[in-house]
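Next, two complexes with subunit A in common: one pairs it with subunit B, the other with subunit C.
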Partner chain A sequence: MLFFSYFKDLVGREVTVELKNDLAIRGTLHSVDQYLNIKLENTRVVDQDKYPHMLSVRNCFIRGSVVRYVQLPPDGVDIDLLHDATRREARGG
Partner chain B sequence: MVMGLRRFTERIGEGAGEPILDADNGEELMHVQPGVAIVLGNRAPESVGTLYITTKQVVWLSDVEKERGYAVNFLSVSLHAVSRDPEAYPSPCIYTQIETEDDDDEDSEGSDSECNTLDLSKITEMRLVPSDPSQLDSLFNIFCECAELNPDPNEEIEEEHNWIFSADQMEDDNAATDGVDDSECLLSENPANPIGYSNGNHDLARTVLELQINDQRFEDAEEMDRDTNGGH
Partner chain C sequence: MSWASLEDIFLSTSLASYLDKKLLVLLRDGRKLLGILRSFDQFANAVLEGACERVIVGDLYCDIPLGLYVIRGENVVLIGELDLEREELPPHMTRVSAADIRRAQKAERDATDLKGSMRKRMEFLDLD
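Up next is the complex of A and B:
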């Protein structure tokens, strides 16, 4: 739940979603749900040579289970808040 | 568990009608889209057919060849997108990526696509090209809706946690530090919350806000930030 809450705070920001099949897609985070399914808008593929056909799809739905990493905008990371939230999550778990 | 793309031939009636669904397991038809061509991998488009989107899978049945049809479970659809860039594909389409058993072999599809024998389990990309491109956005949204109905069975967020809560409890809990954790977990009680709507969840916004408020009010004595907050 921690990351669900956290990603929701990043809606509207530019993120890069790296999939388990090595495809990395950059776009504006449109929404995220509790399964960490991710919707991006105005997407583009980071490695366009490898995936030319994925050039600029307008909107894109990515299944949460195929996401390996999400790269965040540096100023979207509130380290203190995350620090506290993770500590709470660990204590509560 | 991952099944990828498969052939689908079970049609109602004398093989001409709608696909036969797994009604016993609650599968329902969500949307029918006639006039859709299907493109598998790098192959040429196949003749026009009808797209059936159900609560569990995407089924495409050829209008011409009654024994030709394909299906893929939403569990295997890793990604779907609206593609309108003519450089990406000449016709506007729904682009999907399909998770297959052995993703390592997917790079070999270039050679496979030249062969006549089509191994559906190796197909990692599927395009659905509606004859009416104005349908793309609504198709995309239906795909989203149905994908959200099919979370992975081994998802971390499981109901077996048995979080028990009530509105009263939530209010009480918010007054205590420990309660913050519980109120966060409320979200897991709402598994059907669709992706598009969840962002308007004011409860969550409130929870996050309270989390921050509580950060200031309830600091732990044993924590390292004692020096910044001074003595008690």
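Up next is the complex of A and C:
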């Protein structure tokens, strides 16, 4: 639940999602769910020429199971808050 | 007054807003399916009506009609909403027949296999 809560706080921020098939998509985080499925808006593919089929896609749903990385803006993390939440979760679990 | 969608009530990433829309579905095996979303569930299983597979080889492409498809969610990578006001593909791409695209696919596969086998034969040289 920790990362679900963390991503919920990031809704509205610009992120780049790198998938396991190496496709990287930049967009605004619209929503996330318990499976860490991601919905992005205003998307642009990072290497557009390599993925011509993605040209007209502006919004997409990404299945959580295929995500490799979610790249965040440097000020997107309050590291201390995340540390505290992680310690709390570790203690409780 | 507008009806609240499921997204407003639960903060869930629901595919409900994609219903009855023409979508691009990327599968784990690299296939690209296009079709109208008619149904989905919590596993991202999906039903696409009027589905076709868009096969792209270099600058050539072909849409192969498939009909009504049920996709198992574990194979889904991405579901993208196609912006109808934009071109789906870059203008330099050429549409060809299914036979031609299959030929092009085979040629690409053979070239990759050849590259792979040549690399294997060169491995004994221990260059890197």
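As a convention for this text, the second predicted complex is superposed on the first by the 92 of 93 C-alpha atoms of A that agree within 3 Å, B and C clash if a C-alpha of one lies under 4 Å from a C-alpha of the other, contacts with A are read in each partner's own complex, and residues count from 1 in each chain.
Here is the rule we use: a residue touches a chain if its C-beta (ideal position, glycine included) is under 8 Å from a C-beta of that chain, and two chains touch if they have at least 3 such contacts.
Remember, predicted model here, so these are calculated numbers, not experimental data.
After superposition onto subunit A, the modelled positions of subunit B and subunit C overlap sterically.
By the touch criterion defined above, A:63 lies against subunit B and subunit C together after alignment on the C-alpha atoms of chain A. Of the two partner chains placed around the shared chain by superposition, subunit B and subunit C are both touched by A:37.
Measured by the number of subunit A residues touched, the leading partner among subunit B and subunit C is B. Contacts of A:19 after superposition on the shared chain: both subunit B and subunit C are touched. In the superposition on chain A, contact of A:8 is made with both subunit B and subunit C.
Within the three-chain overlay, subunit B meets subunit C in a clash at only one of the listed stretches 9-17, 171-179, 189-197 or 207-215, and that stretch is 189-197.
In the superposition on chain A, the residues of subunit A contacting both subunit B and subunit C are 8, 19, 21, 23, 31-34, 37, 39, 43, 52-63, 65-66.
Subunit A makes touch with subunit C in their complex at residues 8, 19, 21, 23, 25, 30-34, 37-39, 43, 52-63, 65-66. Those residues of subunit B whose C-beta lies close enough to touch subunit A in the complex are 77-85, 87-89, 95, 97, 99, 103, 106, 124-125, 140, 143-144, 147-148, 151-152, 155, 157, 178, 180-182, 184-185, 187-188, 190-191, 193-196, 198-199, 201, 204, 207-208, 211-212, 215. Interface of subunit C with subunit A (complex): residues 7, 11-15, 18, 24, 26, 28, 30, 32, 44, 54, 56, 73-74, 76-84, 86-90, 93. Listing the residues of subunit A that touch subunit B in their complex gives 1-2, 4-5, 8-9, 11, 19-21, 23, 31-35, 37, 39, 43, 52-66, 81, 84-85, 88-89, 91-93.
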